[in-house]
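A short worksheet on the structure shown next.
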Amino acid sequence: MAGPERKSRMITEAEKAIIAYHEVGHAIVMRSMPNADPVQKVSAIARGMALGITVQSPSEDRYLMRRSELLSKMAGAMGGRAAEEIIFGDITTGASQDIEYVSSIARRMVCEFGMSPLGNVLLKGDAEGNVTMSSEMASRIDREVSVLIDQAYETALRILREKQEKLMLISEHLIQVETIDGEELDRMLFAA
Amino acid sequence: MAGPERKSRMITEAEKAIIAYHEVGHAIVMRSMPNADPVQKVSAIARGMALGITVQSPSEDRYLMRRSELLSKMAGAMGGRAAEEIIFGDITTGASQDIEYVSSIARRMVCEFGMSPLGNVLLKGDAEGNVTMSSEMASRIDREVSVLIDQAYETALRILREKQEKLMLISEHLIQVETIDGEELDRMLFAA
Amino acid sequence: MAGPERKSRMITEAEKAIIAYHEVGHAIVMRSMPNADPVQKVSAIARGMALGITVQSPSEDRYLMRRSELLSKMAGAMGGRAAEEIIFGDITTGASQDIEYVSSIARRMVCEFGMSPLGNVLLKGDAEGNVTMSSEMASRIDREVSVLIDQAYETALRILREKQEKLMLISEHLIQVETIDGEELDRMLFAA
Amino acid sequence: MAGPERKSRMITEAEKAIIAYHEVGHAIVMRSMPNADPVQKVSAIARGMALGITVQSPSEDRYLMRRSELLSKMAGAMGGRAAEEIIFGDITTGASQDIEYVSSIARRMVCEFGMSPLGNVLLKGDAEGNVTMSSEMASRIDREVSVLIDQAYETALRILREKQEKLMLISEHLIQVETIDGEELDRMLFAA
Amino acid sequence: MAGPERKSRMITEAEKAIIAYHEVGHAIVMRSMPNADPVQKVSAIARGMALGITVQSPSEDRYLMRRSELLSKMAGAMGGRAAEEIIFGDITTGASQDIEYVSSIARRMVCEFGMSPLGNVLLKGDAEGNVTMSSEMASRIDREVSVLIDQAYETALRILREKQEKLMLISEHLIQVETIDGEELDRMLFAA
Amino acid sequence: MAGPERKSRMITEAEKAIIAYHEVGHAIVMRSMPNADPVQKVSAIARGMALGITVQSPSEDRYLMRRSELLSKMAGAMGGRAAEEIIFGDITTGASQDIEYVSSIARRMVCEFGMSPLGNVLLKGDAEGNVTMSSEMASRIDREVSVLIDQAYETALRILREKQEKLMLISEHLIQVETIDGEELDRMLFAA
């Protein structure tokens, strides 16, 4: 018995709404965090891999990044899922790239940048002699990574609950117009 | 001493009955879950890999899938085995593809989609630096995966016990006619 | 100092007896289990890999196999060793293929067919993302596998103790005639 | 939604200050430790891989290195991050090479040079027979490595707190002149 | 500073004595165990890999081996070291092949032949799906293997202590004549 | 900021002294142990890989080695570091080859020669079936290896403390003459 998953189909109205709230969720959290990156535009059209520019790119490693900036990026990345939970009560797979992104930052903070209670130790397999990381250390890493990610998600939820009216206003608008540029977003967000 | 396993043989009547109840089990659970996929047809002929279109196909990843939809798919996949247990009291190897399917969804929900108490952390070996997942985390993943699968099976059992008469009616009919299309299935299932 | 293990030698009378009882042990248990496969012939000549047609063959996977059938196969496979223990009080390496066979069935029942308390979860390395099985899960699998195998061995012992006279009668006959076909076996086994 | 991380940009004044304090932090700690290496010059221009000449280079293995020298190197390597924490209260990713360096020295001290409570045992995979290191030993190694690194960081913090005025004086000067040679550094550091 | 290990040298008288007692130790234990293999000859000349014909050779797998035979082989293999301990009080590296041999038998008894409390389960990596053996099972295997080996060593010690006079008599003779054939060995051993 | 590690430099007087005491430490311990190897000459010139002729060389495996000999080799190998600790109170990386050597002997004693409480079991990955060593066994091996090495180090310290005056006398002499042959060493060591 074959189910219909294989057929191509148009995005439904329901999905369009989810995407809109998801994207606005990201934007609002990003603009609300200290050391926020500016947002260029927000789009309601499903966009493949548009989100998820990760810190792995070598170009990024040339610049210093402060701990506060990394925490802001993580909270921003959790804004999409947080919006879905608050508005729809049912999370979607649309956050999988955000999950990958936030996990990557968290792991690098713990394992490479010494930005956790584990301290200034490199926790990464290296070419030199391939020292086995102990299972105990691997557990501690997993725990610190989860702490950072859970905190980012809580921050995103908190911000979007405080700004729930703005979230709804801007998302509904986005569903209509399909694209909102950065300046319009700021105007709508910071107006009374 | 050689046993007869190697000889090709025709499907026995007993096997035909098991297959029929198995397929109808799937169909009834799928149609009974919220956000159910429509069923095109149900066939009583052993069909190799016909069941088991998994969410791994890249085409599926373009669409958002809600947690409720994934749970429905899992319960539907457990409908075959649940029918066998209720009617025959002896489960068969015919559910191995369903087991593979439901395990795959469950693991992705836990490890990639953040749809478990473990939260929004990516739990997958990645090309980037191959961080060892701790044994503790692997255990927690296994536990959450089992929870999701056990719940899906319990759901399928519950639905088929409630609709046991329909299960028997439709299955017996299927044994006779060998194929039932989606509309006829709905009529038989939802009629008084 | 070199021992004589390397020299080719004829099978001794003692070994001939062990082989005969081993083979008859298999045959009696197989014929005594529900859903028993018919036995074509029993031979007392050492036969290399004649025993041990495993369920791994793809042809078998096209047919449904019920849990009761798999348990019968396992008990039958343990019939050889059980006979050795009951009659000779000293087990031999002649059971190594039986051990491989019964371990394979047991592991598949637990890891692929969901036929254990571990439930309907696939416990196998898969191509897709190579998820690490936790050490805890691996332990649980080992335990369930051992349970199934120990039960199969106990079943074989029980059956052969009940039918010990038949075991001796048929084995001694086999030592004389070297081959007994399936019908003769059934006559000797089920006669008063 | 794309963020601005990809664009090339000039180093901001804020980043210039962080780099200057970071470098002076290194220099001050190095000059304050016993068996200190002389410092040739300090530069405020971001310099890619300029820092982090590791002990892995074979040329270094020809010379004896005393435990006190290795501890001094480690504390010096932590001087950059210590300066950031004391002055800015926000650590950056700029210390990742220092983390790699100090981790490498610490691991070699524990695993190859017998310079820890674990004693004179080689704790490294060797070509000869690939003996598995126990998980217990791997944990003990991780712990001793962390102890060495934490002590190095504490030492750096202590030194820079004692010499905080010098740190600020020399760093501010460096921001202006962009390069300070070793002699001028010593004069500024050791003057009243 | 270079030590003399590299120079070729003649076997000293001391070493000749150790080898003689070692070989006679083997022979006496082997002839004293039930189901003993006959001994062809005993030689006092260091013989490279002459000892240690293992059960791994495929030819051996065609024959049945009883548990009692395997235990006898193991005790016999421990006869060399047992003789060294009893007579010289200082064991040598000359037993390394015996250790390899006895470990191999023990492991096969536990992992392939079901000849331990672990039962009739195959405990070996197999081509089929590479199921991970749990750490718990690996520990249990190691323990059962050690039990078998320790028992074999204790048996060898016991036998050689009972026959210590024969051990000394035959060994001293062997040092003189350099070779003793099987019949002469039996005569010397079993005479009053 | 670049440190001076890369520049080639002459061996300092301080390093010359450390090397001399290190070498004499080896020589004195080796000559003081039972079954000592004769020492050909002692040199104060840094000599690359001159020390560290390991027991791994196949030529050595043709000869029997007694446990007492192996313990003597280990204590001798620890003589260099012991001298550094007693005289200078600061150990150096110059002992890394000694550490590798002593670890190798200790591991072989435990894993191949059955010269530890773990008994006569082979604890090495073998080509045959790659049985996993349990984590528990790996821990026990690490512990026994550390015990052997710590004892060797304690022995070396004890011997050199007893002979501290000789150590200083001979080392100071070596610094002057740069080479002492074996006979002169023995004369200086064993004279009143």
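Note that the chains take the letters A, B, C, D, E and F in the order they are written out, and that residue 1 is the start of every chain.
The working rule: a residue touches a chain if its C-beta (ideal position, glycine included) is under 8 Å from a C-beta of that chain, and two chains touch if they have at least 3 such contacts.
Labels paired with UniProt names: A, B, C, D, E, F = Peptidase M41 domain-containing protein.
Fair warning: this is a prediction, and the values are worked out from it, not measured in the lab.
Colleague: Give the chains in contact with both subunit A and subunit D, ordered by label.
Modeller: none
Colleague: Given that subunit A and subunit B are copies of one sequence and touch, is their interface built from the same residue numbers on both sides (over half shared) or different ones?
Modeller: At the contact between subunit A and subunit B, which are copies of one sequence, the residues are largely different (under half shared).
Colleague: Can you grab the rotation angle between subunit D and subunit F? Superpose on CA, round to the nearest 5°.
Modeller: 60
Colleague: Using mean C-alpha positions as chain centres, tell me how far subunit A is from subunit C in Å, no decimals.
Modeller: 56
Colleague: Taking each chain's centre as its mean C-alpha position, how far apart are subunit A and subunit E in Å?
Modeller: The answer is 65 Å.
Colleague: On a C-alpha centroid basis, what's the spacing between subunit C and subunit E, in Å?
Modeller: So the centre of subunit C lies 32 Å away from the centre of subunit E.
Colleague: List, in ascending order, every residue of subunit C touching at least 2 other chains.
Modeller: Each of 133, 135 in subunit C touches at least two other chains.
Colleague: With chains as vertices and touches as edges, which is it: line, ring, star, complete or other?
Modeller: Chain contacts: single closed ring, each chain with exactly two partners.
Colleague: By the touch definition, the chains form a closed loop. What is the full order round it when you set off from subunit A toward subunit B?
Modeller: Sequence of chains in the ring starting at subunit A, next subunit B: A, B, C, E, F, D.
Colleague: Of all residues in subunit D, which touch subunit F in the complex?
Modeller: Residues of subunit D touching subunit F: 23, 26-27, 30, 37-43, 50-51, 53, 55, 57, 59-68, 70, 112-115, 118-122, 126, 128-137.
Colleague: Write out the stretch or stretches of subunit E touching subunit F in their complex.
Modeller: Within the complex, subunit E contacts subunit F at residues 1-6, 8-9, 11, 15, 18-19, 46, 48, 56, 78, 81, 90-96, 98-100, 102-104, 106-107, 111, 123-125, 133, 135, 138-139, 141-142, 145-146, 149-150, 153.
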